[in-house]
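Below you'll find the structures, each written out as structure tokens.
Here come two complexes built around chain A, the first alongside chain B, the second alongside chain C.
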Partner chain A sequence: MTLDGDWVRNATSRMDLTPRIEGRLAYTTDQRHLPGLLHGAILRSAHAHARITGVDISRAREMPGVHAVVSAADVPGPNRFGIVIRDQPVFCDERVRYEGDSIAAVAADTPEQALAALDVIEVGYQPLPVVSDAALAEQQVALHNSHEEHGGSNLLARETLERGDLEDAFSRCTVIVEHHYQTPRQMHAFMETEGGVAIPDDNGGVLFRVGCQSGHRDAEQLADILGLAHDQVTVESTATGGAFGGKDELTVQPAAGLLALKTGRPVMIHLDRFESCRTGIKRHPVTVKMTTGCDAAGRLLAHKVEAVLDTGAYASLGPAVLENYLDHATAPLYRIEAYRVSGRLVYTNNGVCGAFRGFGGNQATFAVESQLDALAGKLGMEPSAFRQINLRSPGDAGSRDQTVRWTAPPAEVLAAAVASPLWRCHDAGTGRWLTGTGMAMGAQGNGLGDGLPDSGGGRISLSPAGHICVEFGFSDYGQNIVESIIQSVCNGVGCRETDVEVALGNSRGPDSGPTSASRSSVLVHGVLARILPGWMNLVRGHAAGLSGHPEDRLVFGPGGLYFNDHQVLSYRELAASVNLDELSASASQDFPVAPDAEQPVGRYLQLQIATVARVAVDRLTGRVRVTDLHHVTAAGRVIYPPGYLGQIEGAAVMGQGMALTEDMTTRDGCYLADNLDQYLIPTFHDAPVQRVDVLDSTPEDDPFPIRGVGELGIEAVAPAITAAIEMATGVRIRRLPVDPGDLLVGMAAQEQAL
Partner chain B sequence: MSDHYQVPEMPAQENLSFKLNGETITRAAASAETLLDILRESGQITSARAGCRVGRCGACQVLLDGRAVPSCLVMAWQLPGHHVETVEGLGEDPDFLSVRDALASESALQCGYCTPGFAVSLVAGLRQHRQGSPVDLAESVAGNLCRCTGYGGLRRAIDQLSASCCPDEAVGRGPSLSEEPL
Partner chain C sequence: MNNLVTERLAVRVMRPESPRQAVSFAKRFRAPYIAGGTWLQPACERDRQWPVQLVALNPDWPGFLGVQETDGGLIIGALTTLDELARHPLTSVYLPPLVGLLNRVAGPGVRNLGTVGGNLLAGGDLSALALALDAEVDVLAGKGTGGRPLVQWCLDRAAGDLLRSVTLPDCRDWRFFVEKLGYRERFSPTRATVACVHNGQQLRLAVCGEGGAGRLVVTEAMLRDQGVRELGDLATVIDSELEALGWQCTQLRLAVCRMLEFGLAEVSLEA
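Let's look at the complex of A and B:
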């Protein structure tokens, strides 16, 4: 079924989107009405790599309007943070490792005064050699040699996944292809840059309203840094203007919190785009050599992967990204007899890389799918026929021999993509535009995976105003989570949309774990399935006592409870009649993992996508236009159609940006682009016409019918685009973003060969 | 950092008057202060937002005498005698209401940070259309960036608006070059 038209409009018609359209929704950087609000600014490093010989903040303290200046000596707790390894200083005092490193921060009456004060902070630097090439990083000066855990080298992590006898499998291959692939340092480019406010309370604690993705985890890290008890730090992650993984790590919170405690006043820090580009985390660039072989019939036998991921100056979520990269590099959709998939994650002075939608997976899928096309080409087979031979069946184990759960057979997804109308378009082989159509597939798991601790909870209650109030710890940064929760509650309870109030992202509320890894929808569904029946019984029991009607004949409906189709009590009357805590329910659950005996590996809940791309290549300039993207998804049931559609479409255009224009290139560790006029994300006129077809053969009683689709759309876009370019021009591009120059050179070589 | 920010002294401020959403307001501002900062600091306007401050992203788009402009590129000295309209002042405007309903019904937004900017651009586009401009309504959002949606909902909303405001024109003209567009 195609996600479009009335299906989308009917669902959205019951939701109130007007506060967002009219600009009334308060974002974290919108909080101007706080009494005594000060403005903070952070001094960043002047070098990509240097020893610090001294920091003198004394003159800054005397500047007009300045209330506080803080540096490393002012950090009461550990002067470090990081989700996996706390290796990033709040303020550097010995060494800077990238140009976004923080050295000091100022709070002043106005933003201009704060910036002026930064200007008179004197920092002595002794430049160190810059580690800028990930391939050479392990032989160069170590960024973190003071830390034992890094073993005195820039190698942060290495991992190898193996299956079968690789040498034997290669020896039986009829065709072997070996290629190098490169993917870019993509920037999240959320429209609201990092920022928010830290507000001190009367008891020495701090409240943070800063764009983030994991309020509970951030609160813990911040309490440690600030030297406070954990219950003295509260995080309210109110509406955030986009994140995509880029606000998963702490951003301005430590500096804002220290300044708020020091001044006793609320402190706002909002990075401008220049500072956001320079300091924010990015997608890991990957260079990889893949060697893949099959027999004469096209059966995949052997697959060898050697990847290097540039994690930049600090670990952030790098080790987890490496794991997900390798998982996807094992080609989860296809049966391969033997593989050795290895990767190295290295420190460099090139910014910091971390979580980004796709999380390493889409970088790997780009290379894997390209390899399949190369093998098909050598055998003279259609790429789809080649995939058909190798796709897993629903009963098969996953690529890491773990149990997996698909929501439709992979062969059906492929068949639907092969039936796309885009294949019937005629190729205009003459004139200025060369057109072509290409396809790629991708798999995407839900959850943190690999046996990492992964659980989440939620709560339901009645609000004093008579709303059914649902609380989760997730952040709302535009992933339609509010509408999806409202829809799920309506489906489960039988109320109407306006009866439901959703409260998200408060670290005092339920801990749902991070808003990442396409995990929220799965947990929302799981938790609601647990708590709704019991809570409804609780409410019915109470209502029976109030109304005198038998409990088992009271029915939830729009606005209240009904007996014989007549409303007998409104939710507001119910709320007024009772201590509200008595009518609440909460639960927590572990994220579903494979019911295998051993430690879980990889992901259990698996989604699939096939993307068919149609492109037009400008023969004169080598520029590529993506005219159409047709996606076939198998990701469980659709709860909220506009959300599902929007997530796939949005992720796909983000993937298109990675394929065609986006790369935060560095020179000697310094970014060459610093704003959206140099770093080009797709505009309205770059975006293709898209269609999303949903396949869902999840059984009615399936325990996990709802899957998270936040990342799925990005998975297969890039290899589909390069496949389409190859059909149009005969040239296969293996380095992203596609360089028009590379393409023109390739096209010229093709013409000479003819 | 020190190469970029060297404004240690507060520049002189002067009173300036301009019309904001139909009302004349007078504010003290330095002549090079941006309209975006003036609006944000007023505390009344939250729909214009900083995204890039170089006129690229459109998140701060406002109407200046009816034309959509990025408010980060308008300076205080340019304002006297002119009329600035933001979404806050367009609540009763029939063009804005059509735009709002089209954006909502097609779910043309996710985080919503860029959305008022798109709305302002589309209102300007609709007004131009009614004044006989032959330009495609989609051209009006060429200066707006959205990172969440992939522009799918926006495309459908613009198709909807085009169909109602200019039914004689081809509707649904995407960039598709395919002979059988999806």
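Let's look at the complex of A and C:
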């Protein structure tokens, strides 16, 4: 099945998407009408690494329009935050570790006054040597003092996954390839930069309306920082203009919260693009050496991986990214007899890295798939034939010996990609533009991964207006999860879309866990599957009492309940007839993990993608145009086609950016790009023609027929593009983004050799 | 007084009544001119260096706006916007490849405000073509007014020189090759833009971009003396001339060489 425009048109014909498309949807940072609103601004470090010798905020306090100035001394709770390890200061007072570190914040009547006050805050710095090379970080001065947590070194985490006897397996290989790969520090480049408002209440608590990805978790961290009881902090993540992982960590909330409490007035902080570039989280750059071998028949025998991930100044989700990187570096789609996959996560002064769509997985897949092409090349085999030999079958255990649930046999995904019209045209061209096609595969597990607490709940009720009200803690940051939820409720209940009302992202509502790791759709479906039958019985029972019709003959339908095809009660009438709490139900579930392992292993629900890329390379300049992408996806049932298509296509364009133009390079710990005219994401003119196919053979009674597709589309794009470039030019690029200059030099060398 | 939004001193914008007064303001206050402001504003914001005064240019001044056909060729007012130039019917008559090039300059918003003069002064994409066409510029300077070759003005331009218009020769039956290398398809600063022009007798080559704008006079001389010879030689000459012009990056020089070689072949093929 190909998802085309008709699917989208049919699914969206009744929706009013115009405000979204025209940017008129009210986002968190649009709340400028609040009475008494003050504007906050944050003072950032002037150095990538320095000791702070003094912070003087006294002059700032006297500036016109200023209501409060806060610094480290004003943080009542721990002056630290971080999802995995709380190692990032709200305000630095001893040392700054990257040029985005916060030192103080100001609330004033206008944004201009707040910025002016920042200008007169005096900070004394004593510059320290900058740790800028991740490969050397462990030999340099430790950025964090804590010996207990980091052993006094810049090594934040180290992990090795092993299987089989690697040395023996290598000794039996006919062909071994060893290459170094490098992937960039990519920026999320969301439409709405980080921001939101903190609103104090009358009881000493604070309400945050911010762009974020996990209201409950943020509320907990914020309560600690602000020295408040947990129930005094509420987070509402209203419509957010994009996140992609970049708003998983706290951003402006601690500063806004402190200023709101200090002034007793709502405080808005909204970073401009310069500040967002400088301070925001990025994708982990990875350098890796991979050594992979196979026998003469092309069977993969041995695979060794040594990776270094640069997490920047603070941990954020780095340890989890490392874990996911390593999982993907085991080549989950393929049978490999023995592997040793190890990685080191190091602190540097190069900004901060954390969650980003793909979460380390796509960096690993880039290298793994490139290795497979290299082996196929050495054996003189078609890359697809080489993959065919090594692909897992549905009954096989996963790469970590865990049980795996695919939604289609991997061989079918590969076969569909091989049948792609793109894959069949192999001409390299002789004129100015050299064309080539490449293919790569990727697997993607849903859920947070190994060992992390991963559960989520939801609630259903009737609203006084007679809507079926469904609540989840997830955030809508553009993926339009609301529509997926509405579709699931309509399918489960039999009502119409206008009967359903969805409330998201309130930390006072059900805790669904973070909106990340492609987990929301899985949990929405799982939770609804749990609560809908019971809730419908509850409502039917009540309706039977009201209408006098037998309970088992009452049927849910558009607008209300029906008996013999006639509506006997509307949802509104039902709502009016009862204490609404009596007609509500909630449930929560643990994210499905592999059930049989001693220690539960994530990546139980596996998705797959094969991406076929076609490129044109300019023989004169080495510039690469991606003209077509064809994705064959196996990611469960499609409940909301525009969402599925949008996620796959959008992620693919993001992957294309990572492959071709995007890199937040640093010099001495300082970013070299500061805005989107220097950091270059693909434009509409760069976006290729895309086709998205869906293969789904999940049985009707599969307990997990719905999977999350938020990250799948990015998984295999980069290696498919570099494979296509190789097909066109004969040059294999292993460092991303592809440098046209490097490619050109490679092409010129090839021409010379002819 | 600080303008607090952008952390800069308030900028005083002077609005002279005539081009002469503009020149005198620019000299007296050492103030830059501002046309569309699309280059000036982000450049100042990025460097955090704002001028104290700016001299605003007025498109109503005679000769500063529009495209005019004369016996000597095409006169383009310096304050003509890039968008106006792209849409003007004479552009596609005289310089068909320019329309395609302009479409790849910045985005619609910048083209709507950005001017031909501003583009040339900032070493933008138009520079290579204008240099290769041997454009003449009409400049108001402290000492007087007059036309002179753009190539020469690029070398001896004085602060306060005000560009009124650019004159392109009648190039209707000339052959052109113009190519821009950016980082992406659209909305990319130029890495290198090259232009090859053949007027029936003579080839002219020019570049602009990361290494700066200039005519490749040495290469042109070699081509004049010896014709398009062994490509190996040509590449070496172009490469060293680019390096002398200030193009440091060897990979980019390689790309420029190949673009020029290709362009030369295109314009010479049809000759």
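Observations on the model:
To be clear about the criterion, the second predicted complex is superposed on the first by the 736 of 754 C-alpha atoms of A that agree within 3 Å, B and C clash if a C-alpha of one lies under 4 Å from a C-alpha of the other, contacts with A are read in each partner's own complex, and residues count from 1 in each chain.
Please note the rule applied: contacts are C-beta pairs under 8 Å (C-beta built on N, C-alpha and C of every residue); 3 or more make two chains touch, one makes a residue touch a chain.
Small disclaimer: the values here were computed from a predicted structure and weren't measured.
When the shared chain is aligned, chain B and chain C each come close enough to touch A:His685. Once the two complexes are overlaid on the shared chain, A:Arg625 sits against chain B and chain C alike.
Once the two complexes are overlaid on the shared chain, A:Glu22 sits against chain B while remaining clear of chain C. When the two complexes are overlaid on their common chain A, residue A:Glu649 makes contact with chain B while staying clear of chain C.
In the superposed model, A:Leu115 lies in contact with both chain B and chain C.
Applying the stated contact rule after C-alpha superposition, one finds that A:Ala46 touches chain B and leaves chain C untouched. If you count the residues of chain A touched by chain B and by chain C, you find the higher number for B.
Contact with chain C, but none with chain B, is seen for A:Arg432 once the two complexes are overlaid on the shared chain. Touch criterion not met for A:His144: it reaches neither chain B nor chain C. Within the superposed three-chain model, A:Asp742 lies in touch with chain C and out of touch with chain B [touch as defined at top].
Residues 112, 115-116, 119, 625, 675, 677, 682-685 of chain A touch chain B in one complex and chain C in the other.
Across the complex, chain A is touched by residues 1-2, 4-8, 10, 40-41, 43, 46-57, 59, 86-88, 91, 100, 103-107, 109-116, 119, 138, 141-142, 144-155, 174-182 of chain B. Taken in their complex, chain C has these residues touching chain A: 2-5, 7, 42, 46, 179, 181, 183-189, 249, 251-252, 254-255, 258-259, 262. Here chain A touches chain C in the complex through residues 110-113, 115-116, 119, 432, 619-623, 625, 660-661, 674-675, 677, 680, 682-686, 739-742, 744-745, 748, going by the rule given at the top.
For chain A in complex with chain B, the residues that touch the partner chain are 8-9, 11-13, 17-18, 20-27, 30, 32-33, 43-44, 46, 63-64, 112, 115-116, 118-120, 188-193, 239-242, 244, 270, 272-274, 421-422, 424-426, 428, 433, 435, 477-480, 614, 616, 625, 627-628, 630, 642-643, 645-646, 649-654, 675-677, 681-685, 687-691, 713.
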